[in-house]
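Here is the structure we will look at, set down as structure tokens.
Chain nomenclature is as follows: A, B, C, D and E, assigned in order of appearance, with residue numbering initiated at 1 for each chain independently.
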Amino acid sequence: MSATILTTENLNKSFGAVTAAREVSVAVPDGAVWSMIGSNGAGKTTFVNMVTGYIKPDTGRILFNGTDITKMSPRQITRLGIRRSFQIPQLCAELTMLENMLVSLSINRKHKPSYKRSARRPSQVDEAMDTLKRFRIENYHDRLMSELPAGVRKLLDIAMAISGTPRVMLLDEPTSGVAAEEKFPLMDLVMEALSKSNVTVMFVEHDMDIITRYSERVLAFYDGEIIANDAPDQVLSDKIVQQYITGTTK
Amino acid sequence: ETFKVGIVTFLSGGAAESFGIPAWNGGELLINLLNQGGVLPPPYDQPGFGGMMIEAIPVDESGGATKQVQEFRNLVQRENVDAVLGYVSSGDCLAIPPVADELKAFTILYDCGTPRVFEEGSYEYVFRTAAHAAMDNISLARYMESRGIEANTIAGINQDYAWGQDSWADFVASMSVLVPDAEVETALFPKIFAGQYGTEISALIRVNADVVHSSLWGGDLQAFVLQAGPRGLFERSQVALAAGDHVMPQLGNKMPDGVIIGARGMNGLAARANASPLTNLLWEAYEEEYGVFPVQAPFRMWQGILGLKVAVETAMAANGGNKPTAEELAAAMTGQEWEAPSGLIQMVLGNGHQAIQPNAIGTTKWDDATGQMTLVDIEYYSATCVNPPAGVKAIDWIHDGFPGAVCD
Amino acid sequence: MILSIEDIEVSIQSTPILHDLSLNIEEGEIVGLVGRNGAGKTTTMRTIMGLTKPTSGKVKVNGIDITRFESYQRAALGLGYMPEDRRLVPELTVEENMLLPCWANSELVPAAGLKFIYDLMPELFAMRERKAMLLSGGQQKMVALGRALMAGTKLLLLDEPFEGVAPALAQRITEVIVTLKDEKRSALIAQSELTHSVSLLDREYTIERGEIISNTTPGN
Amino acid sequence: MTEFIFPRSIPLACALALAVLVVVGLILPDWAMFLATMAFSKGMVALGVVCLMRSGLVSFGQGLYYCIGAYASGLMATWIGISDIFLMSLLGIIASGIVAVIFGPLLATYRGIFFAMLTLSLSMILYGTLSKMSVLGGTDGLNVSAPTFLGYHPEGRALGLSLYMFTCAVIVVYGGLVRTLFDSERGLISLAIRDNELRVEYLGTSVRTEIAVTYIVAAIAGGIGGVISGAAIGHVDPEYAYWTTSGEFVFVAILSGYFSIPAVFLGSVVLEIVRSFSNLYFPNTWQMSLGIFLLIVILLFPKGLGSLLSRSKKPEKKQ
Amino acid sequence: MELLAYILVDGLIYGAWLFIVSLGLTLVFGILNILNMAHGSLYAIGAYAAASAVGAYFALGGEAFPFGSYAAMVIGAIFVALILGPLLEYGLLRHFYGRDHVILVLVTYGVFLILEDAMKLIWGVTPLFVSEPYSLLGNVEFGPLYYVTYDFLVIAVAILVGLGVWFVLNRTKRGKVVLAVIHDREMSKTMGVNVDRVFLISFTLGVFLAALGGALTAPMISVSPSIGVNVIILAFAVVIIGGLGSIEGAAIGALFVGIARAASVHLLPEAELFVIYLVMAIVLVFRPEGLFQKTQARKI
């Protein structure tokens, strides 16, 4: 097994009376594809938020490649190569889809964004359109975000997140709101794009088919705690997991 | 033929009610009288300006100096006026003269007070037909001294801009010469158009000075009087208002008795008490037309327009009856003197570009019989008594103890 | 017939979105509206609620033509809407959010409504005092559902109610929606996938590019 | 994003614009030339407001830089006797730039109305300070002598014309630079900040830096605008920093919209003309005329006058 | 000690006045999300209406019962609210909802310009005086302090109005419905809320509060066209210091400004001009969204 790229040590986080993380410790190997499941409000998004610096844990440490990133800002963490998508798509509502993509590309180059180079130079526009095409949303390229159907927004959110060169990719419910027929193709697409450069992936999902199909290992969250951390089959046959998360009949 | 004058004064904003509108009313009135011809006593009996009908173009002065420079250019370059007469705000009076000279446009500043215009600059085409503001506070201080008013401690409430700051500085300086024992207790500078003076009045009551000096004007002064009255400030301290006459028609008996009042010249009630035929004409015509008696602003407008008339007619006498050019007007105006409802106006300062005029200070007394406010204990000061001589800066003159002052 | 839509055309900024769309829901019927992303499910729901206005066609509730009604008047007819993006009032607590329809409409009985909802989703009872703005995505979804249940005494319009909801809870919700039938409540459920709801639907419309392309009974 | 209607290349567009402006200048009557000079110099300040508006920030205190520019050049003229417009402009840029470098990073943490009010406070504090400084003329301000142009001392119409030409050159050059900036990667990022800062941060760039830089760009435009206005009017006073002055720049910015740069200058000219004529023809109700004009423009041109000049067919923002 | 008492009482009086003036502004901002630049004009119109009403009251023989002039003042303010509230909200603002924030600010700026001249057309430039109500209640003396009782009436009104509005918004169902509207107009509609009516009533209430502020001030000042201009910037500052849309905030903000200003007038008169901006800047440095900032809703 390869070296761990992301380690969390005993993360605790509470919001008033609510405990959103309780002694959360994981060690994710480089290049792994892990998934996270859990009942609503179990702390999955909070985990992603802590790793990406949006929320600071009350106690505990987060290490990326050996560097302590616990106190870093989302921007610094992003620059280190940890990227994420959002459960609720975070887009620029008054820009078109293409412009959203161009923003992402402009920032994610090796060089810093320029004050001179046109954001709409043909090469960059082509690249953006290519990405949109891969996600099959290019038809919407000149539409404002506020007019897009929910599912399409989700796709764009992911597309923006995976542009650039991530080392670790955290996807928060990538397929929720995406039409049934699109779910697997979407995951295929994302996984393919990421596996090329051996990116470590962690994704939150409520759809167990996707969990079993794409992840090597599942973290099951319940009430801020990781109650199971194992291969999908093992976790999904766990009684407690079945009772609280997946439902009995599945 | 007509003579076009751009008349710039406040038609809106805080200074409209107290200065701009009364001045414009007075101006319109006078222009009508002049255009009729023969109404005014000689030497003002020729119709219009030397026979030319006067056409006035009113312009609102509000909006700041920047806007006024623009409007001035429009008047001169677009409307082709023959002269511009205007400006109450001293900021405008400072900003306009360089432009007037650049455009070679004959310009009369009729109201503003700052001495800086001709003390710091000299202009060819620009004249001011009213005395600058140093006179007002020198006169006040002289009044304190000559009437023996107890002034061991003084306090001031003046607006926080050049007018208020200068007025207070002039007053304090004059007092230190004339009443050397006077001590300053506090100097308050509320924002212009603040309207609420509760806190300031508390502060004035707290320091309990013998004399409270104020150059507040307009709505601010009215509000101050209304708020200070019930709180007994006027009983505790002798209040002296450098330019307070213009609020009397509105305040009526809400203006307490015994307040010392100046009118920035021998204007309003003080002029009426010392009436010339010209004063009476203005007084009666104005009262008839507008239902209130004229305060300082129409007086100053009249002295400006009459001065312009004198200049036009002098120039025409010199050039053989043609409409005078700006240069001819300027030549005629320089060092000119003429009678106005406010007394004799003499262009003696600033190389003959800046007027001096007599001043008067009085004390309020409500006359129950007529239901009118009157001024009593009026002291008249000749122009040379309260204005510096040519070539001397006002503030230096005060600090030096008024050398060369000639008082009757 | 609780709801009938007759040949509506909807355009947004002169782009046609829905064409000639008709659908009916009988009293006590649970109907699905299924289609891919961008097919027009949300737009249909919004049109029923009066948030977008059709250029032609009619919307009727209980036989009353409500095409020209304001949204709040429609709500008064017993329509309960759960938008796909939840849209709770962040400053109000969970319970207050669910009570909001009662405050606006005095005919609703708050106590009974709350009891029904809390029995259905005990999770909501546990967090009833928390401010809505701090809940997780799925939790907000539950509250929005609760709120729709409160308002929708006749007809529920649920836009993607299972999206982002953990399977165990989704199952329970499904079961409860079925019991709504006993109270003669109807529901229109928009979904881009069918996994959770096959068992509960009486009928299912499929929508594609703004047009209804099929009206089937699952299993057929 | 939109380009100019005509040429796509920015230098070409600038050259064309300059040529048109120069030709127009030669035939303008004096008063109109002065009006245009003033409108353009104020347009510069409004352009700064537009820059910030693209990131969703409304500066109600751009008068700060307008005033700093004007005083910097005015004082240099009175104290050192330098009246060269190029030197004065340089000084205006330096002075406003320095102040903006100090305040920009601080202000960059504020958004919305708080940003607006803080910028307003800053300019009002300058206003208050200047009002109290009798060395600088207090509220009455001070006069600025007529500008010279690299040793050339024009008078009369030549003076007005020279200043007009200088102004045109400045706005065209600055306009071109700003257009380049708007079209650039950073320019697009600025727009994105308006919509969703969180996303921009999560893409890995600093929203604060971006805003601070925009703020400085805007401040410099304000400074130059102040220098030219001061030189054109020949007088500077604290009123330059008063909130109503700043309000006017916001007014022009919104009137013009933020898609087209020429529109900003056009908007400024339109406002000057409307104001000047309503002041003359309705001396008693010019404010009302201005208000009605404003409401009509907002109703008829939801995206500002710029929508006339730009190709953008972006629909209105939904609530 | 005496000085301190002066500062506190002066600050309280000024703060109470400021609070009444700012309350309507913060309310309209909180609910309709409009920063109403015309608020100052509405204040001025309220003052005019009250002055006219009081004048008419005395002209119609009110001398017999002078206290009736207080009712006349309030009726004047109500009159203004009932006319201008619907006229502005229904006739104008409604057409701009959903447009950018600053556009609405600009619209109200246009209204401000129009109202300023409209006042001149209606009431002329000659100021109105109705100082009777000011001195009617006599004076109060605590030791060396000597005040007009009316000033304390203003404090009482401020407390009453503030509590009243706060109570309605925070403790009644109607108020909570308003909270829902504030956050999400569209959603509130679908939950059965008549949003248009909420807006109309709220805006009219805002107009009433502005007019009431003017009406209460009318007896102390000479009512003339320009009195509204300065009020607006003061009210803005108070509302910002307090945190936009917060009633408690406006109260504390007004008190802050009132006391800071009183302290400066008594101790350091030169600083008066800066005080309000200074207070604002200091508050914002420590609380970037005002004293009573709203907690941000979770975005992710």
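Methods note: contacts are C-beta pairs under 8 Å (C-beta built on N, C-alpha and C of every residue); 3 or more make two chains touch, one makes a residue touch a chain.
Bear in mind the structure is a predicted one, so any value in this text is a computation, not a measurement.
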Name, by label, each chain that touches both members of the pair subunit A and subunit E. C, D
Tell me which chains count as touching both subunit A and subunit C. E
Chain whose Cα centroid lies at the greatest distance from that of subunit A: B
What is the chain whose Cα centroid lies farthest from the Cα centroid of subunit C? B
CA centroid of subunit B to CA centroid of subunit E, Å: 36
Suppose each chain is reduced to the average of its Cα coordinates; what separation in Å results between subunit A and subunit D? 43
Centroid of subunit A to centroid of subunit B, CA atoms only: how many Å? 75
Could you tell me which residues belong to subunit C and also touch two or more other chains? 134-135
Two or more other chains are touched by the subunit E residues 116-117, 120, 186, 270, 273, 299-300
Identify all positions of subunit A at which a residue touches two or more other chains, and write them in rising order. 45, 87-88, 90, 147
Among the chains present, which pairs are found to touch? A-C, A-D, A-E, B-D, B-E, C-E, D-E
Residue set of subunit D touching subunit E in the complex reads 53, 58, 109-110, 112-114, 117-118, 121-122, 124-125, 128, 131-132, 198, 243, 247, 250-251, 254, 284-288, 290-292, 294-295, 298-299, 302, 316-319
Would you pull the subunit B residues touching subunit D in the complex into a rising list? 11-12, 57-60, 63-67, 69-71, 73-74, 76-79, 90-91, 94-95, 98-99, 102, 114, 116, 121, 160-162, 165
Contacting residues of subunit D [partner subunit B, same complex]: 29-31, 34-35, 38, 131-132, 134, 137-143, 145-146, 155-156, 159, 229, 233-235, 237, 239-240, 242, 245, 272, 275-276, 279-280, 283-284, 286-287
Contacts from subunit D onto subunit A in the complex sit at residues 1, 180-181, 183-189, 191-192, 194-196, 198-206, 314-315, 317-318
Which subunit E residues qualify as touching subunit A in the complex? 299-300
